[in-house]
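For clarity, chains are labelled A, B, C and D in written order, and residue numbers in each chain start from 1.
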Amino acid sequence: MAWVVLAYSGGLDTSIILKWLQDTYGCEVVTFTADLGQGEELEPARAKAEQMGVKEIYIDDLREEFVRDYVFPMFRANAVYEGEYLLGTSIARPLIAKRQIEIAREVGADAVCHGATGKGNDQARSVRFELGYYGLKPDVKVIAPWREWDLNSRTKLIAYAEEAGIPVAQSKRQEAPYSMDANLLHISYEGNALEDPMVGYTEDIFTRSVAPEDAPDAPTFLDIDFEGGDPVAINGERMSPATMLTALNKYGGDNGIGRLDIVESRFVGMKSRGVYETPGGTILLRARRGVESVCLDRGEMHLKDELMPRYAELIYNGFWFSPEREMLQAAIDTCAKNVNGTVRVKLFKGNVDVVGRESAQTLYNAKLSTFEEDDGAYDQKDAAGFIKLQALRLRTLGTQRGPPA
Amino acid sequence: MAWVVLAYSGGLDTSIILKWLQDTYGCEVVTFTADLGQGEELEPARAKAEQMGVKEIYIDDLREEFVRDYVFPMFRANAVYEGEYLLGTSIARPLIAKRQIEIAREVGADAVCHGATGKGNDQARSVRFELGYYGLKPDVKVIAPWREWDLNSRTKLIAYAEEAGIPVAQSKRQEAPYSMDANLLHISYEGNALEDPMVGYTEDIFTRSVAPEDAPDAPTFLDIDFEGGDPVAINGERMSPATMLTALNKYGGDNGIGRLDIVESRFVGMKSRGVYETPGGTILLRARRGVESVCLDRGEMHLKDELMPRYAELIYNGFWFSPEREMLQAAIDTCAKNVNGTVRVKLFKGNVDVVGRESAQTLYNAKLSTFEEDDGAYDQKDAAGFIKLQALRLRTLGTQRGPPA
Amino acid sequence: MAWVVLAYSGGLDTSIILKWLQDTYGCEVVTFTADLGQGEELEPARAKAEQMGVKEIYIDDLREEFVRDYVFPMFRANAVYEGEYLLGTSIARPLIAKRQIEIAREVGADAVCHGATGKGNDQARSVRFELGYYGLKPDVKVIAPWREWDLNSRTKLIAYAEEAGIPVAQSKRQEAPYSMDANLLHISYEGNALEDPMVGYTEDIFTRSVAPEDAPDAPTFLDIDFEGGDPVAINGERMSPATMLTALNKYGGDNGIGRLDIVESRFVGMKSRGVYETPGGTILLRARRGVESVCLDRGEMHLKDELMPRYAELIYNGFWFSPEREMLQAAIDTCAKNVNGTVRVKLFKGNVDVVGRESAQTLYNAKLSTFEEDDGAYDQKDAAGFIKLQALRLRTLGTQRGPPA
Amino acid sequence: MAWVVLAYSGGLDTSIILKWLQDTYGCEVVTFTADLGQGEELEPARAKAEQMGVKEIYIDDLREEFVRDYVFPMFRANAVYEGEYLLGTSIARPLIAKRQIEIAREVGADAVCHGATGKGNDQARSVRFELGYYGLKPDVKVIAPWREWDLNSRTKLIAYAEEAGIPVAQSKRQEAPYSMDANLLHISYEGNALEDPMVGYTEDIFTRSVAPEDAPDAPTFLDIDFEGGDPVAINGERMSPATMLTALNKYGGDNGIGRLDIVESRFVGMKSRGVYETPGGTILLRARRGVESVCLDRGEMHLKDELMPRYAELIYNGFWFSPEREMLQAAIDTCAKNVNGTVRVKLFKGNVDVVGRESAQTLYNAKLSTFEEDDGAYDQKDAAGFIKLQALRLRTLGTQRGPPA
């Protein structure tokens, strides 16, 4: 093994991994640091990598690709996991894995390495990374240091770092009160202080949103335009995908929107508790439902709703790069092209409410649904025949079996 | 046709129908007035019916049966129609139809009659009533006056009423600005003033909730206990199903919770716009998700989520009394028995947030999901094998087909 | 109404309709006669139409379009209705409706007419035609003579024909012992003599297949090649879609393959009994399963299997031209492109057995599935971790709930 | 570890395992040998176990329990895996695991052991056994010798046996040409000689059926009665579940019915090729479809069909003892109680054809589906309204989007 591509944040843990890879495998390490909107400076990672003798350093701004090719397609499905979770962590892994494999091909590396600890909630992260790696490069060697090494305590890690000359900030010397994961769609908080699911979070953990209690006393109204299934403008101002999500995050965060505290079922078989901030995504989900309600036909909308839990499960479990996810995406995208219109949302102290929706191709027809005279557009005599035939099988059942219990 | 059982509210429209039945069919009319928590006095309906010469008058308080046998079973499914609607109107029809048919059997009536206009949003009501009637008594004759008579304008209706000596309140002489439908689960507002889906509702229509803006500035916390899948106590106080829903309505309404403004897809083929108040139901849905998150296994929870859209569609379309609804209910109830625990919710200006959940049989195991040492409960070496076999088919695909597009 | 496009077979019933349209509506009738492989001469239809004064006569050979754009896409889904029926009747209607509407646009007609009787099993035919018409031309006027006229007995029909100078063959003077519907995919037999579902059919009704008892005593082996999901060659000989299905019909019919006798559930609410011959389709379904088994990944195959019943139901109910059918088709076609390979089938006295299958991109890997040493391609140690994590939730359940009942 | 319950066949491999357990773990081994209809004598297993010093020997005839509580419930779902496979191997594992755990509780054992090799197709067997064990006794220790020991060649195994004084038949000294698995539902053949999926099986492997070519030239007709969803009588003769399946196996085997040659997708990620004999099950599946066609309503039948692939996948993957399988079973059993009737099947040279079906509660109504006058049971005028409302959304779509592509 000559070259390894490491997903490198520049933080303490992945710096230790970098050194450990050099020590253990005697290989050249290529570092890959991505901006997915996590809100951290990337240049320090470059400096650290250089210090540690890395010759190939990749630093990529993937924000637009992330939102355009991963977040938006996922939202087209109205994907929600277990009724609540917007999949903010899950959707970032496939892109990192994909880019890491691309780099491996570019530099001729035969191995990749990630820093997911494989413990606690990081199990899921390992699965998602590695399923991505294997699907995209079946012969790749995957190095998961936390499954391999014996640095199985904070003390040993710190000692290893110090011996290797890696600077250790004071705050890193103890276990963190919770672990975080951030990208442009969301931030998650898990573990330690949040372990008891009957004990609520404390306000201080949040970084992207004010509490609903502290949000403005007056509502904010937004008109969001959708084209081809994706949001393209706020209040008439067109913006790119990443700019759109950034703006929605700001609007949502300012209005106390998008906090979530759940216990979720992990692919690896246990339950875990997570606290999430997804301000923009929370607005987007409601807004999309609003515009879909006038743009999508009942048949396609209901089929989408039935497919959605499976789709969300696939993403949660790490199967973005699977043929069944692509099948579902093809079905979903078939109707996305018809989602063109505008939705008006009201943001107020944690609430997102749709208060208006319209489309040049609206399927809503006031003449059909009105209580007023409707010019024959809907002949209620038709309803008699409709009901009679819908009831025919139930009448046969009632006759032969007696009425339902 | 000797006897007809009429679903009778005591209002103007059903009083006209009562008279019209007597005039047109020369039959004895049995009136049936039910308390489903719509918030109206029932005794005036008795007086009116007596005045009009009705000999058999049924007035039933069905609130407990409604919540216990219809609302709660439906909530066990986390049923939501088109991602938003809690099915408050739909779930009341089957019970009315069932009781009406029971009365028909008791008095030996061969026909039933309902007052759904068959116009506008009332189409759905007709379908739900009539599918219920036919399923429960296949040989019943269904009379739907609004499809049969020629009283096709407000003017003609009023004239008919006055000629028949039915008192007409001044407010009933014009078309209402919107139609309402109420029961213990919700109130709906539809039609006329709400016809343009880009124009928001006005605050004055609501009767069960304050606006989030007007709700208290301090949150309310509730501990809700669930047993066998249903809520049984609030803050330790046990209460019957209808009392529970009444209490939740009060808590929700006081905190600005449960308003909804949507465009929905009707079974009869068109879109319609509805505004809803469902304060207690909105709390219940979130609370249930909270307690289910520690009580239900991933396998059963995900299967429930996949079945839910179909289940909601069946109820929306009027197929409560269908064998496929019963099949789904059987599946859902199989896991409901394991939902025993307590959920803590925070109510604040329109928001319902789960902030804690616990169960004596919790499936959440901090030892398994923690970042701390876990005493071997979860061996992360297992994850390597798990991932390798999960990835095997993706690797085969990648080898044979090349990586995914 | 100036012009009506009539789906015209040239037979007695549609000739009567032609005359009745001219008499009743005083309109110009455009006849449309299609060859979908029903096995009848089309030129007599032209002669008859000319005799009756029709000025625009369309006679189209649609066999290739039928198989390529309707039959093959449907088979990509492995569509089977209620576990047995290959949808031979259902799949022909959309194409007829589509072509009829195209002609209506060409000639500027504002109405279309079909000869489905609306009685008995022809109900479904009406639904399928009319849903197609309305979907493709929302403002079209649909004329369904059998719902409109008073020719409600064989005697009245014959009298009308004789008065109109339409020749009536002796065999048409009585009710047929059963009705037939034929196209390149199948022939159906229904009604009258087949009404008692406990009484079997008689051998004489069949026209495309010998009885298994009368088929050759030696098996026939075929190698069928698939490309992009569709069959393209038999025993190395490439052929067009319609030629392929014709050839498979011959092979199947000669070997007693493809007869089916079922009771099915109609969209309009009743059960009906049908007897079918689908020799080529029966071979194709089994053959496709064979080639898919080495070409499709488990994930996509299982998802296809879960979507299939819905897809089949949509086609059966007449919703070929619906957005939800298109969504499902998009999902199905996503994996069809990977179905490239060869399947060997053995045909023998009613049986179709797959006896071999191979593909240049086969996902079958003998090294992985063998009992032999496998060079590390599959490390059975991985299975231990895989099983442990699969079992984790079941162990948690067993601990908290006790073992399953 | 003091006691281990071993699933013991009495054959060479499990005898070696027995000895190896004694040697390696120094524990008391309890042998458990079950009759599931595999067609082997059980008493030799007792003799061998006694010879090897086993003190607790369990030999159970589980045939009735197997068919009544596992095979029949599974058939109620019409379960077929990947369109072809009747799950004959998969359905036997849960019962063996369950009984093994029962014995472990009886004797106070804390470990169980199975002889699945974990290689080749035996991987699936391991998974199914172990998921059963863990679900039923979460704290059980599972011993899988083939994953643990170093007897990784035939030569080493034979040497170990000879050293231990275990007699080795000449036929066992070489690898078998294929592996077999048998129970009352089926026999499977896999591996070695069957590894190339393009090469067909040879006639000599089969033990339960004649070739279709060799079956009688005259058909056999059976009338099979169903009660509560399960078959109870053949030609009027009532019989117990196991007797029923035995009889159907005889009828099927004599008529060349139930052979299957497929490539299937394993849970552990690879494809494998299997050849199966399932004579009775093949008859039962077709027969059940026949009786269901007149006993089950469209709504329940279609829902069953949609749930089936998931149900089959769960059983195939080893999740019989899972809450989601129980949910699906509850749904399926809800309609099974209405399956009461008789089906007539024709068996002929490999074919099973339903030629008649009837039920005292039949939902088939000749009056409704007939082409004859139907006394108003079905008013075809109703169809007009039915179609108009079904088409309404398609017309709206056509107007707003233009016709479908």
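In this section, contacts are C-beta pairs under 8 Å (C-beta built on N, C-alpha and C of every residue); 3 or more make two chains touch, one makes a residue touch a chain.
In UniProt terms, the chains line up like this: A, B, C, D = argininosuccinate synthase.
What you see is a predicted model, and the numbers here were worked out from it, not measured in a lab.
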item	value
Which of B-D and C-D has more C-beta pairs touching across its chains	C-D
Option in B-C, A-B or A-C whose residue-number contact pairs overlap A-D by over half	B-C
Rounded Å distance, chain B (argininosuccinate synthase) centre to chain D (argininosuccinate synthase) centre (Cα mean)	42
Distance from chain D (argininosuccinate synthase) to chain C (argininosuccinate synthase) - Cα centre to Cα centre, in angstrom	31
Sequence positions of chain C (argininosuccinate synthase) contacting 2 or more other chains	265, 268-270, 297-299, 302, 310, 322-323, 326, 338, 362-363, 365, 368, 378, 381, 383-384, 386, 389-393, 396-397
Residues of chain B (argininosuccinate synthase) that touch chain C (argininosuccinate synthase) when the two form their complex	297-299, 338, 361-363, 365, 368, 378-379, 381-386, 388-390, 392-393, 396-397, 400-401
Chain A (argininosuccinate synthase) to chain C (argininosuccinate synthase) touching residues, read off their complex	265, 268-270, 297, 299-300, 302-304, 310, 319, 322-324, 326-328, 330-335, 338, 389-393, 396
Touch list for chain B (argininosuccinate synthase) against partner chain A (argininosuccinate synthase), complex	78, 82-84, 101, 117-123, 126-127, 130-131, 134-139, 144, 146-147, 175, 179, 191-192, 195-201, 212-213, 217, 219, 259, 261-266, 268-273, 289-290, 293-294, 297-298, 301-302, 305-306, 308-310, 313, 318, 321-323, 326, 344, 348-351, 353-358, 362-366, 368-372, 374, 378, 380-381, 383-384, 386-387, 390-391, 394-399, 403-405
